[in-house]
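There are two complexes below, and they share subunit A, which is joined by subunit B in the first and by subunit C in the second.
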Partner chain A sequence: MHQYAVETQSLTRVFTPKKREGEPVNALNSVDLKIETGELFGLLGPNGAGKTTLLKILCTLLLPTSGKAFVAGLDVENQYEDIRTKINMVSGGEMSGYGLLTVRENLWMFSQFYGIKSKVAKDKIDRLLETFGMTDKSKAKLRTLSTGQRQKMNVIRGFVTDPEIIFLDEPTLGLDVNASRIIRTFILDWLKDNPDKTVVLTTHYMAEADELCDRIAIIDQGGILACDTPERLKKTVRMNTMLSMDVTLLKNREVFQGLNGVGNVSFVDDSERNQTHVKFVVQDDSCVSDIVSGVLDQGSKIISLQKTEPTLEDVFIKMVGKGFE
Partner chain B sequence: MTDGWLVKNLRAIRGRAYPRVIGAGREPSWIFFEIVLPLFTVAAYAYIYKFMDARAELIGYVVLGGAMTAFWLNVLWNMASQFYWEKEIGNLQLYMIAPISRMSVLAGMALGGMFSTTLHAASTLLIGTLLFNITYQLVDPIMLILIFTTTLVALYGMGMMFASMYLLFGREAHHLSNLLTDPVYLVSGFYFPVNSLGTWAAAGASLIPVTLGLDAMRQLFFSDVSGDGFLPLNIELLILAGLSILFLVLAKYSLSYMEYLGKTTGRLTLRWQ
Partner chain C sequence: MAIMHDLRTLKNAAWLGWQMEANWTDPFLFATYSIVKPISATLILVFMYMVVTGGQTNSAFFSYMYVGNALYMYVAEVLFGVTWVIHDDREHYMTLKQVYIAPIKFPAYILGRSAIKIAITSAGVFVTLLFGVIVLGVGIDIGAVDWPLFAASMLLGMSCICVLGLALGGVTFLTAKHSIGINEGVAGVFYVLSGVIFPITALPGWAQSISKVLPITYWMDSMRRALMPETMSEMNSLSGLDVTGLGTFDNLFIMAFLALSAAIFFMISLGVFRYADNVARKQGKIDWTTAY
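Right after this comes the complex of A and B.
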């Protein structure tokens, strides 16, 4: 039988609050997922979508309410001890470690929980610190690090144990462009050098998911809405190209409703600049001239016009009916 | 060849003990809080005894009791409360997913705590001894080592058990530690012989390992010429050994239960949940 790196079957998790503290929350609703070994798999969804809950179950920190979850072919409910030898986890904004210890000491300490020989661990830590440009910080106390440096250390902590499957929960959350880029590059390089390993990543950054992931599951309100490669997901909205225009304040907007080849239209007025931002979902380019005429015929001027290819955000909007909050 | 279960867990113990062994020396303010401050209380009791013209060994009892308070405080604040703080900073979930026995994490915490606190307690004892000119009449150093070690194992075993139980109290945990500080100083006889409380009270207080440990060490350090000892040394050693086993077993079960609760409710081991 084919063994997936991760497999879930009708996985459901309900959080039941204490009495009088509200209604039960369905964090995951019957989630079915199959992640192949060697994949960089992304879970993309807004805050509260259920991404972290799913990851916590796969990391053996939470039990499912119903359904099954397997990691490396092992059941999270009763084979969690074996799963733990194969995984590691890094969360965004993580504050783990001890401020009195240096970066190198903290990393060594965490490596000891995986039974790695001291010398092997220290050599590996030094190599990873160099990769992340953190060698000069190896003797700095943890409490003196910036957010970005701290997160790089967290990522090193996760990878120093050489896990078969690593779970990254919003690993670039709140980081600047440079720190995020270093982490993303490292993840890609690591998987390239270790094609038998698997990365499961949650993010609510669309561009990050698009850049990194082999496949993406779009998750919202505890359910998987779609699961495919970024390209194929985008193709689902490719027939609906977006046309964005900034025009001088539009008076008559009804002329655009019902135009052949035009799907949804949205208008946002900017009264300070006396402009209207219009977004059209167009099914083909033939309607563009009709749209332009519709603007010009009522005396408005076109300030800018941009045709945009679909992004994962468009995919998400199409599926959920709203953008990320 | 891969390392066996025992070697892996020994490495984990060493790893978790490390911050306590090394980190303690990096915070000089601890010298004041953990060595100098206890001396104020010791001095207060010692001067009361001096003023009352009490027996000389009573001042010795106070110095010894003052040194042992370091262990009790360490157990309350750095063992019992520790998992709660580990949860808040995100370490606890990393301990939970590590492929080791969670008892190794607790054992590392305990060993590191014992090491650093022994240094603090020894400093308090040394300064107190010099300050109040205490004379010891130690006759059985082997028994003293046995009693001291067994007391620490039982005491930190209790701390390991509390560590999981405290998680249930959440942020109220520090109130519990406050509640267990001064009353235990009283019932465990930190500053006077515990049998002054009466047999039943002393027997009840003996559930706290430091009660019997302190009583036995006083008997050993001062030859118990005045008959202040609560129970014979062998009995106290036996009870302490029993308490060690009891607390370690309870610690293992309470840890497993806490982990189970954490996984089912999601509130105990995960931050903000």
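Right after this comes the complex of A and C.
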């Protein structure tokens, strides 16, 4: 039987508050997921969608109310000890760690819980600290680090144990552009170097999910709305492709007329620059070459041509009827 | 292999515990604090006793009280320490979930953190007893100490206190900052019912019945018998009465009962811990933050 890195079957989690503290909350509602080994799988959804709850169940921190969840083919309810040898987790936006210990001591201590030989762990920690530009902080007490540096240390903590499956819960939350880029680049490189490993990532950053993930599950109100590659998800929007073109002044504008699949054409002349700005919509990218040929044939030059594609946000809006915030 | 991994967990948790306990200041200040704190705490009781007895410190009863109070540090520090480890890791350092999902036996981690508490407390107990012997004339004669009984009693007693800590650790999973109150309450019960500063015969009959099933009662008695056998003989021969309430039992019985109760408490504590662990996972309380 095929073994998935992660598989859930009708996974449901209900949080029941104490009496008078509100109604039960369906954090996960019959979630079915299959994540292949070697995938970088994203869970994309707004705050409160159920992403972290799902990750907590998969990391053996939380039990499901009903349904099943398997990690590396092992049941989270009764094989959790075996699962823990194969996984690790990193949560973003937390200031976790022992402030009295140095960065290197924090990392070394956690590596020891995973049975890594001390010398091997120390070498690995040094390499990772260098990758993350943290070598000069290795002997700094954790309490002296900035939020971004602490977050980078936590990402290293997750990867230093060389897990088969790593769960990253909003790993770049609240980080600046540079720190986020370093983490994203590292994740991609790690998976490239270790194709037998799996990354499960939650994020509410659309661009991050689009850039990193092989497949994405869009989750909202505890349910999976769609699950596919970013490209296929965007195709489901079926938005016509919008193009904008800057050309030297067009004499004959009929080149845009009468072509099948081209519509909504608008022209704005800029006589100062001797340019025309053209916007149009095509149903099929194959029309573009006919238009380009038509423009060039009449002696005009194309200065720029831009294509506006649907984004994951468009996909989300289509499915939920509203944006993230 | 599994045992080696558990021992390694124990060692690393103890290392972490030492760093957390001792790394907050320079070694001299830490050493001073470690000496001053237990002696100060003990002197409060000593002065109260002296006020009541008109300054007498050379009686068998004073030694009984002083040694019991010094040994009680183990109970208070370990029980408080274990619950504080879980509370602090979860709510302050926010590392509990990371430790929890590591491939270790969590009880081994707890016991490792407790081990360092025991080591640090041992220094405090030693200093307190030394101060008592030199300054206050507490009836411990090094030449008369029953070392085999002392070693056996320490081993069983510490095991017992650690497993009690484990049970409280489980309860701490399910509680917010109230866990601090719970461990103080439990430690307080032992303080009153286990013959720490007064013999259990001073308690009403029903309370004595409870005292006689508590392992700490037997541990206190066996430790006193080991450290000051003559003083304990003197206590139990006062007016021909069984002053301590355990005077009719010989050392073997006391140790056998301590071993039995330690085994029973171990099973109960492990059960409580596992139950609480499971409930905490069901209720999502492993990474709960409520206090900070």
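In this section, the second predicted complex is superposed on the first by the 255 of 325 C-alpha atoms of A that agree within 3 Å, B and C clash if a C-alpha of one lies under 4 Å from a C-alpha of the other, contacts with A are read in each partner's own complex, and residues count from 1 in each chain.
Here is the rule we go by: contacts are C-beta pairs under 8 Å (C-beta built on N, C-alpha and C of every residue); 3 or more make two chains touch, one makes a residue touch a chain.
The structure displayed is predicted, hence computed values, not measured ones.
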* To do: Superpose on subunit A as described above, then tell me if subunit B and subunit C fit or clash.
  => clash
* Asked: Touch check for A:15: first (subunit B), second (subunit C), both, or neither?
  -> both
* Applying the touch criterion given at the start, work out whether A:96 contacts subunit B, subunit C, both or neither, answering first, second, both or neither. => both
* **Intersection of subunit A interface sets (partners subunit B, subunit C)** => 15, 56, 59-63, 81, 84-85, 87-89, 91, 94-98, 100-101, 105, 109-110, 112-115, 157
* Asked: In the complex of these two chains, what residues of subunit A are touching subunit C?
  -> 15, 56, 59-63, 81, 84-85, 87-89, 91, 94-101, 105, 109-110, 112-115, 157
* In the complex, go through subunit A and note every residue touching subunit B. => 15-16, 53, 56, 59-63, 81, 84-85, 87-89, 91, 94-98, 100-101, 105, 108-118, 157
* Please name which positions on subunit C make contact with subunit A in the complex. => 5, 8-9, 12, 15-16, 19-20, 23-24, 93-95, 97-104, 109, 278, 281-282, 284, 286-287
* Residues of subunit B defined as touching subunit A within the complex -> 3, 7-9, 11-12, 14-16, 18-19, 22-23, 26-27, 89-91, 93-100, 105, 262-266, 269-270, 273
